Amino acid sequence: MEPNETKAKDLYYPLIATVVNVESLTETEKRFSIQLPNDKTLGHKPGQFVEVSLFGFGEAPISVCSSPTRDNPYFELTVRKAGRLTDKMHLLPSGSKIGIRGPFGNGFNVQDFEGKDVLFVAGGIGLAPLKSMIDFTLDQRDRFNRVIIVYGTKNPAEILFKREVESWQQRRDVEFYMTVDRADKNWKGNVGVITTLIPPLELDVERTVAAVVGPPIMYKFVAMALKAKRIPDQNIYMSLERRMKCGVGKCGHCQINNSYVCQDGPVYNYVRVKELEEAI
Amino acid sequence: MSKPKVAFFDFTSCEGCQLNKLNFENDLLDMLKLVDIVEFREAMDNRADEYDIAFIEGSISSPTCVERIHDIRRRTKILVALGQCAVSGGINAMKNDQPSEWVRETVYGEDKYLFPSLPAMPVSAVVKVDYEIRGCPMSPPEYLHVLKSLLLGRKPELKDYAVCVECKLKENECVLDKGMFCLGPVTRAGCEAICPSFGQYCTGCRGPVSDLNKDGAVNMLKAHGFSEAEAIKRMKMFNTNDLEKTISWGAK
Amino acid sequence: MSRDLSIDVHHITRVEGHGNIVVDMKNGELRKAQLDIVEPPRFFEAMMKGRSFHEAAIITSRICGICSLGHQMTSLKATEAALGLELSEQTIKLRKLLVHGSTFQSNVLHALFLATPDFLNVGSVFPLVETHKEVVLAALRLKRLANEMGEIISGRAVHPISCVPGGFTQIPTEDKLKYLKEQLETQGLKDVAFVAEVLKSLAGEIPVFKRETEYISVYSDEEYGLYDGQICSSDSGLYPVEDYLSVTNEFVVAHSSSKHARFNRSSYMVGALARFNNSHKLLKPEARDLAASLGLVAPNFNPYMITVAQVVEVLHCVLDSIDLLDDLLTTGLKQEKPNQQPTKYGRGIATTEVPRGILFHDYTYNRQGIIEAANCIIPTGQNLANIDDDMKKLVPEILDQGKDTITKKLEMLVRAYDPCISCSVHMLDVEFVE
Amino acid sequence: MQSKTNTHLQDLDYLFFDEATLRQFIVYLQTRAEVIAPHAKGERSYMYKPVKDAKEVVLNYPRTIQPLKKFFLPPTETLLTFKLSDNQYVEQTPEPGKRIFFGIHSYELQAILRLDYSFEKGNPESNYLTRRANALFIGISYKPDAYHFGKSVGIEIEKTDGFSLFIEPMENGYFIFIVDEAGRTLLEGFQAPQTQALVFEQQEKEFHNKIKYHHNRLPEVFEHAYHSDVWKDVSQRCLGCGTCNLLCPTCYCFDVRDEIELDAENGTRQRFWDGCMLHDFTRVAGDEVFRDKLHNRTRHRLFRKFKYITDHSGELSCVGCGRCTSFCPAKISIVEIINQLIKDVSEVKSI
């Protein structure tokens, strides 16, 4: 009997891309600019992620932090040193080869935000995935109404994207608020957890759509603060983190109840988050 | 890149782990190409001042041991506890369960005060341990994995699930199905389920999984006809320290 | 010639466990020449009390990883004697193979990796990887082969798995045994011959020293005494195993956490040279010839020759293993389960020759199959008094050779005994008072 | 939920083989492709493995240790091999040889059909599908033991969907039913010796182990089961060993690990079976474990069998093989859990 072939895709083979630039953002975070082979573009939506691999060090999901609107031949990742793969990434010089699969996940749906007041709430490294959406919004500024960015980190040393943050602070068409949990000597801004920034905001309940990304424990409290502002559940979006091995809905690690984060997420509407008992 | 300096030290143990390290006859020479062995008392005369990786075998069970291990910790960048004696006190810790006066009396009689001895402690009770290679004896594949990972500069991936997982991956006949008892369901994997693979029950020599359901384990053993006391005794053979958190260690 | 000498080798290297060599001579009077055993004790007998017969061998094998198989064998035999468990012939043959494997693995390790560096004036085997690569490779191959015997028959060379009271939890496949036999017959024998040649070329490096002492080993009429037999003293003949306590007469000394032993003299020797002296007639002819060609003739009173006797035993064990495998393969392997139905309870005493010498385990079981009393006497402990006596005779003889040479020769002497210090402190005899 | 119509054996063409002929048939099959069949393993267990000697094939067995998935999703599989220095890799594609699976129980093949759904849907995976496209199945009926409960999840012993041939053992031989064209072709190539023409009459086989509700109603039960006390009760006894996940024929979660060789240059990326009962399954950086408690994990496992996947596929993901119960060291019974849930639910709310 003759063997049969199938036309299914080989899901687990990465493209070998090139790191074209590495920028140190904080002690533990670096930004990588990555170019795919043959000038291919990634073709991602804001909020999507890729599976990054270094052979011998494994593979991990990393959000794309650059916006597809910037017509660059490369895309950007912001990576925190957290383990096998990411520690090694931090040692890479530019010019290194790196494996990329993706983009994966649903990403933010721009229509949901169009014509609305967009409220971004970013905690810690959560700013990285949100940045792709923030940049997208700012690049097509007239498609959106107000743009409000609320950003909190543990301490001033952990502030990401200082250049961008400065420009957001300066832009008149962006309302930017920031806080740190613990100040240092030079810090002059707000001190306190991120939820303290929400009550003073003047929000138009009818028009505000929020996008929230941060560490797991942050979601519950931000959601409570937004509820207090009477923002309807369906106007809140969250990007959730889970363990992932395949990124294509097979390995099972990212499952929250009956939802695969790598397929149905990582961006979820809060209505859905509430249905998923294990989500936050 | 200069070769990392590796050293091996032994404390109270059977030295089976040391021997196991020499039992990679086929790989030993390859290994020597990648590392510089600078201290290994059982095999060589040299002593060195500093190490990149120190492997520690054996448990800490005398005041001199405590001094030595502090000294090693000061000199080494990475410290790896090798084998169950070093990781948890292992079988040596069985004596911790009994009043030490009684133990020494039974063994040395009137001469008991000649030889000071402490409860058998894991290395981590005295100094910071970076990685642990479990098992009595340590499992060679896991040791190789750790060594290779450290040479690459990455964290090893150590398992924290039951021996049953590896046993099932190998499709062994479950020894429970042969009417024996087994500690595999609550013992940490990493040994490739070697005992059940040879028809023997798992003795629990790699310590309990970190989310141990102790009562569940006792119930399982009871279902195999053990009394509660006997069940706990069986579980304690290599794990007295893990199961008896009441024993107090020296300061961390 | 100086009349003062003070040597203190702290933690002698290339031996198993922690020991210090201490020599103290003042005005020509030798006050001290001894091996201090500083390893912390481990209290195994106390741990044995209250344990079931299934567990005894698992625990005692952890007395010493180097001798784990020997402890396990002796423990199993003591348990079987106490509980009246009969063994099948197949079990005994498989066990003898295991004993051979562990003997020749340990002998190769000691002779080539621990002792040979002394003959070649280097600090360890590692430099030899460059200078004497072929020797190292041959030794590694032999070691691997011995370990493979353990792995195939009992699952693991260190702390064997499948030998349990009454037999084996799993029988190896015939294919695997065939493979072992082929390996032993081809590469195995070739490597032994090569190693023997190397040793021959180093004969001049072996120090000359003579002190007659009492030699004690296992003795059997049928074969070179390893797996089982009676106690044999070169001074006073044969004794049943049950009389072991009257042979070993252990006593505590202040400089050692391991007890010392004596019988007809102030000390006695156990191990490869004792075995050779007592049982050389039962060696395979090829092994006897090898001994002769290496200048080892019984009786031999030079402790430095222990290393040579070890290599002779390697050849004997390889040859006898081939015969045993042949036997097993001709009869065919039976899938049999271990016999674990006790027919009696009480005391069981057993002895085995482990690489470092004669080993005793002695258990008393109650009617539930639980240990009430345990005692083990291990070879290194029995050798300690003899080592001290050797030192006391050696130091004055070589006093004019300078401190460095004296130190080196003393270290070589201790190493020649291949002492297993962790073993010696792990087992201290104890009598449980009922 | 729809249940597929079952072909009745009576409606199929058949032959009758005696014992010797059946063994010859296995030998003949070996000339066509690799044949995989149940064999004895150890003292009282069974496993599927390639046939070396047709005499060793066991036809009367309760269940194997590992399910058939091991041939389509191997316990460990090399996905790619790589070189460290240049970060390049070589793909490892599965050897697409033809394989005939002989003597397979209906629930086992039904489990494969469920895996098909998972590996074809969304992103089809070529490793799995290539192996799958090259497989042919010959079924056999079985006598249910204390753990089988196929019928309770809608899978009859004689369910022939997906098989090419189906064997019904009788006292003095075997009826061989032709289920599809591939089966017919196979049989036609075999020079069967003339055997007597017996008439087949189906015999009923009793399941001892039963779920109290019809399988159509189980997803409904699970709609109310999330906050049941059963989960905590079970977690008192469960040891979290993962056996139930690993041996379940419809569980397919995996982990991926990179391992390098001692030359510090060559390495492989491998995947392994993993399971949602294992504590670290959901651990992420920052050491959050999303299903930290055993009762959360047991619940997730059962929900995957009866609700989560079912919501999408329309089929239960439990096929009633009984492995998770018979191999569980704590003897936690899936049927008892479900019956307890049914009891809870019907007490609270009469559905």
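All chains are identified by letter, namely A, B, C and D, in their written order; residue positions are counted from 1 within each chain.
Note that in this section contacts are C-beta pairs under 8 Å (C-beta built on N, C-alpha and C of every residue); 3 or more make two chains touch, one makes a residue touch a chain.
These numbers were taken from a predicted model, which means no experiment stands behind them.
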Neighbouring chains shared between subunit B and subunit C, ordered by label: none
Chain pair, A-B or B-D, that carries the greater number of C-beta contacts: B-D
Chain centre separation (subunit A, subunit D; CA means) in Å: 39
Whole-Å gap between the CA centroids of subunit B and subunit D: 38
Cα-centroid distance, subunit C relative to subunit D, in whole angstrom: 52
Multi-chain contact sites of subunit C, meaning residues that touch two or more partners: none
Shared interface positions of subunit A, touching two or more other chains: 56-57, 83
Set of subunit B residues in contact with two or more other chains: 152, 157, 199
Interchain contacts (touch definition) - all pairs: A-B, A-D, B-C, B-D
Residues of subunit B that touch subunit C when the two form their complex: 10, 12-20, 22-23, 25-26, 28-29, 32, 37, 40-46, 61-62, 64-65, 90-92, 94-95, 98, 102-104, 106-109, 111, 114-115, 117, 120, 136-137, 194-195, 197-200, 203, 230, 233-234, 237
In the complex, subunit C residues that touch subunit B: 11, 13-18, 38-43, 45-47, 49-52, 55, 58-59, 62-66, 68, 109, 113-114, 117, 123-126, 129, 136-137, 140-141, 143-144, 147, 154-159, 161-162, 164, 168-170, 252, 254, 257, 422-423, 426, 428, 430, 432
Of all residues in subunit A, those that touch subunit D in their complex: 1-6, 8-14, 16, 53-59, 80, 82-83, 86, 96-99, 215-216, 241-243, 245-246, 248-253, 255-258, 263, 277-278
Subunit B residues within the subunit A interface of the complex: 152-155, 157
Contact set on subunit A toward subunit B in their complex: 56-57, 83-84, 87-88, 91
